[in-house]
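So that we are looking at the same thing, I have put the structure below in structure tokens.
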Amino acid sequence: MELRLINKDQNEPQKIIQVGNVKFGGEELVIIAGPCAVENRKQIFSSAEVVKIAGGHILRGGAFKPRTSPYSFQGLGEEGLELLKEAGEYHQLPVISEVMDTREVEVISQYVDIIQIGARNMQNYSLLREVGKTNKPVMLKRGMSATVEDWLLAAEYIAAEGNLDIILCERGIRTFETYTRNTMDIAVIPIVKNLTSLPIVVDPSHGTGRRELVAPLSKAAIAAGADGIMMEIHPNPCEALSDGPQSLEFEDFKELVREMKALNSFVKIN
Amino acid sequence: MELRLINKDQNEPQKIIQVGNVKFGGEELVIIAGPCAVENRKQIFSSAEVVKIAGGHILRGGAFKPRTSPYSFQGLGEEGLELLKEAGEYHQLPVISEVMDTREVEVISQYVDIIQIGARNMQNYSLLREVGKTNKPVMLKRGMSATVEDWLLAAEYIAAEGNLDIILCERGIRTFETYTRNTMDIAVIPIVKNLTSLPIVVDPSHGTGRRELVAPLSKAAIAAGADGIMMEIHPNPCEALSDGPQSLEFEDFKELVREMKALNSFVKIN
Amino acid sequence: MELRLINKDQNEPQKIIQVGNVKFGGEELVIIAGPCAVENRKQIFSSAEVVKIAGGHILRGGAFKPRTSPYSFQGLGEEGLELLKEAGEYHQLPVISEVMDTREVEVISQYVDIIQIGARNMQNYSLLREVGKTNKPVMLKRGMSATVEDWLLAAEYIAAEGNLDIILCERGIRTFETYTRNTMDIAVIPIVKNLTSLPIVVDPSHGTGRRELVAPLSKAAIAAGADGIMMEIHPNPCEALSDGPQSLEFEDFKELVREMKALNSFVKIN
Amino acid sequence: MELRLINKDQNEPQKIIQVGNVKFGGEELVIIAGPCAVENRKQIFSSAEVVKIAGGHILRGGAFKPRTSPYSFQGLGEEGLELLKEAGEYHQLPVISEVMDTREVEVISQYVDIIQIGARNMQNYSLLREVGKTNKPVMLKRGMSATVEDWLLAAEYIAAEGNLDIILCERGIRTFETYTRNTMDIAVIPIVKNLTSLPIVVDPSHGTGRRELVAPLSKAAIAAGADGIMMEIHPNPCEALSDGPQSLEFEDFKELVREMKALNSFVKIN
């Protein structure tokens, strides 16, 4: 595969992407958490508080949601972005949210610190080019059936427009297995590290679709060299408007952050 | 899966979508052909001529091309649409081309008779909504790892905006098999017919990626009840700027059209 | 892939395998039908009668059944073979049944006209070698995740022992799609025809897992050049001990045989 | 899925399987290593020495090799078992090797301490039953396209014959990704732990097919809770008769064992 801009650079073998005080690609594990979708003020503020208290770094929350059915909850739109930004500022957490439309890149850029491209839009080349023209870091999720080559070439689309602040995110691929929502491909972590200078984050919530698998898969990703973990949490997963079964309760999240940080410290030293 | 608008309607079990004199969903097999990408005037005019002479119905040709690498030929853009439209008008063939960006829907609508949504954008919901607001028929290709449910719900997104003129197109899915570019899922033809009132077209060029498999897979699709076949042809496949290995030569195309029409007549009678 | 014995032979581009009066690889479509498993005398005799009356050629019926769970019905064993043979002889139909154990090859050979290797045993190389030493034709089903190369090299194992009477059988592969039990890979029909001299049969019952898809997929396979179709029928599918949802009722089967024969005649002439 | 014998037992939530001094399912990580195939005395003895010196526990080495092509090296057969046993005894290492034929179970049982069922034979139910009648521990590798349910029910086949000493082994599944030989499904580690009382081992050599990915995937598996790691090593990977590209050199193996043990200690304490 022909990588020109994101390939491993002998001078800069690991790119550091800084967002506020947070560094992707450094020694510290970056923890991104929050609800699947911003639902209301109380929900996003309580989530932000827990992320902060637990020692997480970035607040996530969907405002424009790519739902399989047009009849499912589609997110609060710009109102959701407003709430996300407020909650992030209040708790001093940078925020990330997904963009789905080239026409929304500008407005979303005003609210978020990192722009997310979701799995369904990984090969939406117009959108990739548009976020490539911004000066915001972009998190590029792997498509559900994207090969490593497809994925890295999608990152090249962003880079080709001048934006090299790209964070890759593995979130599971589609296979015949039905026990999990997707099959997490942990091998891509070292592959990405070998082929590119970009940081890589892993999303075990979407990667497995099952709450009880988030902790072991997060740890697996850390042991394999991931730079960050992104996960869904919710004050009351049973009542979540989307992705409840894969969202962690607050107390479990706090405990997991402690364990992840300890593991990352061990891995980085050894 | 919850289908509200495209589900099988007892009053209208098979929707007929008319484009010029061509009817999708009727007795006659609709044949769509042309080059992967419009490359120059001569290429698209000679292709159009062959489509017309052979007895084909619609001219295809990419102007905005979704290429895996940003360093591959990306299409001629609006100039390509202009040439496509001219060639179609000259040979009295409606034309189809792909849209990749919500901002381009309006301009593309001025050139084409059918708007195509490619496999990579099947879950680009903003784009689906935008083409749902036009009064042009839309061809919705199945995503590379889209389940039948994902696909039909994507069609619902278009329908929910008021546009019910949706033509589904199976173009192969991603599997472990590497001998072919994709694995064509012929079973979706009767499945779509059982669940919805929409017509379905099959694209064996992308579905197999191999020229020699286009004829047998086209026939298989017809025998299974497809309403149309879309394929790539090129005056000189070896020099095609994209998809050469799966493009038919003109003479082979003419022969195949004859065979497909005969088979379709047989199938429709029996 | 290195094919030495089953590769396309310039002198014998299509191998004809004769079983009784039936010829695999000739002009006539070979129809193999019967219940998933032999359950009792009445069931297998009534099935045989219908196969005969409908114009089918070979009677199938499992005696040793490879069931996913050890707690499911495992087949009648040798008693089942006895009944199958009797029913076949009474209605003058050659019979086929599956072998699962190297130690059973000899006994099964005494009852059947064609030995079947199931999908789960496609790479059971000891078993392939053992049936390769018999003088019975072997039907080799494709494994659930076998590439074309894996499959043809498995056939080479049989051929390498001296038995070249190999009939390939496509029965669907495993993909992410859950609407059907498997995804039928119709493209392998022309691929096998291009690469080898062996006949190929298709099993749409296992290939789809849904009764209503058996007819359209059978026709698709015929149009793509299949030499035969194998399907499951049952006097009372709702009460079948295995594979009821994919078994045809007798009347539907008779009608389908008529249609398949007509289509095959058309395809072979055109 | 109906698990009767291997399901999580409230009295014995984690089964300990003892082989010599080695305990599968205990605190200590079990390390199994050796060449893909026993090639000659010098190769297996030098491999055994390294396994012992590095602190590994069990020596692996194929004697009957399931090769995709009948024209590839098929293993030394019983002579290979003889050499494996000798090398194991000399270095006080229990040994494991694969059985492929019901008729060979008895003879292989005389040489090995653990009988391996390979991925290709995971649903060879006759073989499963036969090893279920022995008193040797069985390592059951997951089939290339086996769901968790298929796999655990295959283990039930062994258990149903009375042998409950079953060690599961994840070795990657088949997906569309071609960069790696298979896609390792790390999520099955906690899934197996949640559903059954059986220990689980992971094989990153087959799971990735690439030497440079063995270390990170081994660590990922340990962090996710694996009870053991099995890997291929070779005195000279470039000259290996099989699986060279995924075999570790001796020095790299020694270093990896040190790292894995440290990680496992950390994981077990925290």
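Letters A, B, C and D name the chains as they come in the text, with residue numbers starting at 1 for each one.
Keep this in mind: a residue touches a chain if its C-beta (ideal position, glycine included) is under 8 Å from a C-beta of that chain, and two chains touch if they have at least 3 such contacts.
Since the structure is predicted, the reported quantities are computational estimates derived from the model, not experimental observations.
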#### Entry: Reaching subunit D from subunit B through chains that touch each other, fewest steps
1
### Message
Starting from the defined contact criterion, work out which chains touch subunit A and subunit D both, please.
### Response
B, C
### Task
Select the interface copy of A-D from among B-D, C-D or B-C: the correct pair shares over half of its contact pairs, counted by residue number.
B-C
### Task
Between subunit B and subunit C, tell me the centre distance in angstrom, where each centre is the average of that chain's C-alpha atoms.
34
### Query
So, what's the distance in Å between the C-alpha centres of subunit C and subunit A?
48
### Contacts with two or more other chains, residues of subunit B listed in rising order
145, 149, 173-176, 178
### Task
Could you pull out which subunit D residues touch subunit B in their complex?
145, 174-176, 178
### Message
Can you tell me which positions in subunit C touch subunit B when the two form their complex?
### Response
145, 147-149, 173, 175-180, 183-187, 189-191, 194, 207-208, 212-213, 216-217, 219-225, 259, 262-263, 266-267, 270
#### Entry: Touching residues on subunit C, where the partner in the complex is subunit D
1-2, 4, 66-71, 100-104, 120-121, 123-127, 143-145, 149-150, 153, 156-157, 160, 173-174
